[in-house]
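Shown below is the structure under consideration.
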Amino acid sequence: MIGLTLLVRRELRLAFRGGTDAMMGVIFFVLAAILFPFGVGPDAAILPRIGGGIIWVVALLAALLSLERMFAADHEDGSLDLLYLSPVSLGQLALAKAIAHWLTSGVLLLIASPVLALLYNLPSSAFLPLVATMALGTPTLSLVGAIGAALTLGARRGGVLLALLLLPLYIPVLIFGAGAIDGAIAGRDIAPQLMILGGFLLAALALAPWATAAALRQAIE
Amino acid sequence: MLHRFANPARFSRIAARVLPWSATLTGLLFVAGIYFALFVSPADYQQGDTVRIMYVHVPSAWMAMACYTFIAVMSATSLIWKHPLADIAARAAAPLGAGFTIIVLTTGSLWGKPTWGTWWVWDARLTSVLVLFFLYLGHIALTHAFDNPQRGAKAAAVLALVGFVNIPIIKFSVDWWNTLHQPASLTRLDRPAIDPAMLTPLLLMGLAFMAYFVTMLLIRMRADLNAARARALQLSAAE
Amino acid sequence: MQGLTTHKLGCIRGERAVFAGLDLALNPGRAVLLSGPNGSGKSSLLRVLAGLLPPAAGRIDWEGTDIAEDRDGHRARIAYIGHADPLKPALTAAENLTFWARLYGFDPDVEPALFQFSIEALADVPVRYLSAGQRRRVTLARLALGQNSEAGPALWLLDEPATGLDPGAVSMLANTILAHLSNEGVAIISTHGGLLDALLEDSAERFDMREFEA
């Protein structure tokens, strides 16, 4: 536990010292979402219809942006070897990295998403579901993303490869995240979707650090 | 080169003995299967001759799934028992699996045009296969993304297992999504109940695809081993 | 009882056998200076000994027991210095060292360690402003951290530790290593010759990797 908090605090301090770098993900999130009305037209009937889905799709891409560097710096400067030799297990390291990634990307997306909901004229009944799905869904993106980040360490063209590996795995979160918002707009009960998103999160919490650790072990070899 | 080629050398000998038989079997099964599919089996009362696409579509869908399962089993073998042939088998199987998914998608599209009136419908099964295609692509890309082939093989093995755990989740999600968004204008045709006369060609074609897979797998694995041996010779010549 | 012994150790990188049949025996209080041309497997040997790379063949014993039986115990006795400097440019020298000290359960007071490599004046400077030699000193100060703590690592694995150091810093490093050896520690150091070899000559054996080419 001490090791976990130590690692998370180190990541947060590094992100904080990095200054505006940490804001790039959320800036991309807002900017990419703003592009869609230019593509499909500002029709007040269409935008609320597609808004929930677009916000979620763009959130997947924004979460992907900062994942590539999750372990890369530690891999390049030899820190990963020392982290492996330390008393902290690779599973704990993976969990710490995912938590730090969520705190520096997912939380910001969560905060920015109501602004996008306004721009897309989403009905007020959709605001709370949007934030709730983001809160349940984005940690899963960070946890599963850690697997991809560890797998592509040292790969040529890591960034594009990461997108190819992770986006198919993100589809379930997208389906239930966007589905809940559509359901809320249509006035349906969205508890099932939220529970499934919660189930994904629990499964990812249990399995993803383990898979990430296996991938990191190979990157160290 | 220590133990790495002791085992593969035996594999190469066995493969050389099996290959002529499996290749012949593949040819015979395809001839029989195609004959039954095109000439013996009846046309569907609703879809007419279009239904014959099924004899390619369905077996390749079986093989697309079976091949991913095969890769997952090989990946587990590689990670747990560190068997030197498991990585080579997984690496050889992935492009074959991707090929099967392409056949499923194209035949599905060709079948969809006369049946549904459009080249593509976001049918739950077709969509799942489309995602499976990208899982295959990711696996192939990761295998070849590293300068050290060992690292690529091990990373791809972890990815295959992660993908294998995710396939049921993706399937469930896509099914859920599909029932929610079922467009009213497209009445979904259930696959026709299988006439016994259709079963024979379907099974024959299934066996033919399987024999084809085994044959291609052996050829690809043997080529991979030979390439590794050639590299080892070049390296030792350089020293 | 001997400190570290290896039996018929072999290593494969990619598809190339790096070394094979490597036997090494090292008593407490002694060091080994690894020499050999590029690609002869010095770095690989150090990584295998650290447990970062699995050996392709053979066995490593610590005080007579196979390290494979107690991986955590083995990791706890290792101080590894690789080629790169595992430092974060955005953090100060002291912050970098404090993090490693806390993570490894060493004494988090890093002042004496910085002093040992006479970089105490750089404690609060972010690492990105340091020169290559200064960064190397911060990296090496990690050795002093373990040394100043109870139950610090007994097995030092140093991969060309003197790269980029000026003669003054090399003698600081040599003194640190000698203090470690006099404390019944063990060190394996890869070098390309030079001042460090001369300073350690009396307490070290030489080991030529070329004898174990695969």
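We call the chains A, B and C, going by the order they appear; numbering starts again at 1 in every chain.
Note that a residue touches a chain if its C-beta (ideal position, glycine included) is under 8 Å from a C-beta of that chain, and two chains touch if they have at least 3 such contacts.
None of the values given here were measured: they were computed from a predicted structure.
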Central chain (distance from its CA mean to the mean of all protein CA atoms): A
Pair with more cross-chain C-beta pairs in contact, given B-C and A-B: A-B
Centre-of-Cα separation between chain C and chain A, whole angstrom: 38
Centre-to-centre distance between chain C and chain B (centres being mean Cα positions), rounded to whole Å: 48
Intercentroid distance (Cα basis), chain B paired with chain A, Å: 31
Where chain A touches two or more other chains, by residue: 221
Residues on chain A engaged by chain B in the complex (per definition of touch): 147, 151-152, 154-158, 161, 164-165, 167-169, 171-172, 175-176, 179, 200, 207, 211, 214-215, 218-219, 221
Partner chain C, residues of chain A touching it in the complex: 3, 6-7, 10, 13-14, 17-18, 73-74, 76-79, 81-88, 220-221
Chain C residues touching chain A - in the complex, by the definition given at the top: 50-54, 72, 75-76, 78, 80, 82-88, 90-91, 95, 99-100, 102-105
Residues of chain B defined as touching chain A within the complex: 79, 131, 134-135, 137-138, 141-142, 145-147, 151, 154-155, 158-159, 161-163, 165-166, 169-170, 172-174, 176-177, 180
Parts of chain B lying in touch with chain C, wherever the complex brings them together: 1-2, 4, 148-150, 228, 231-232, 235
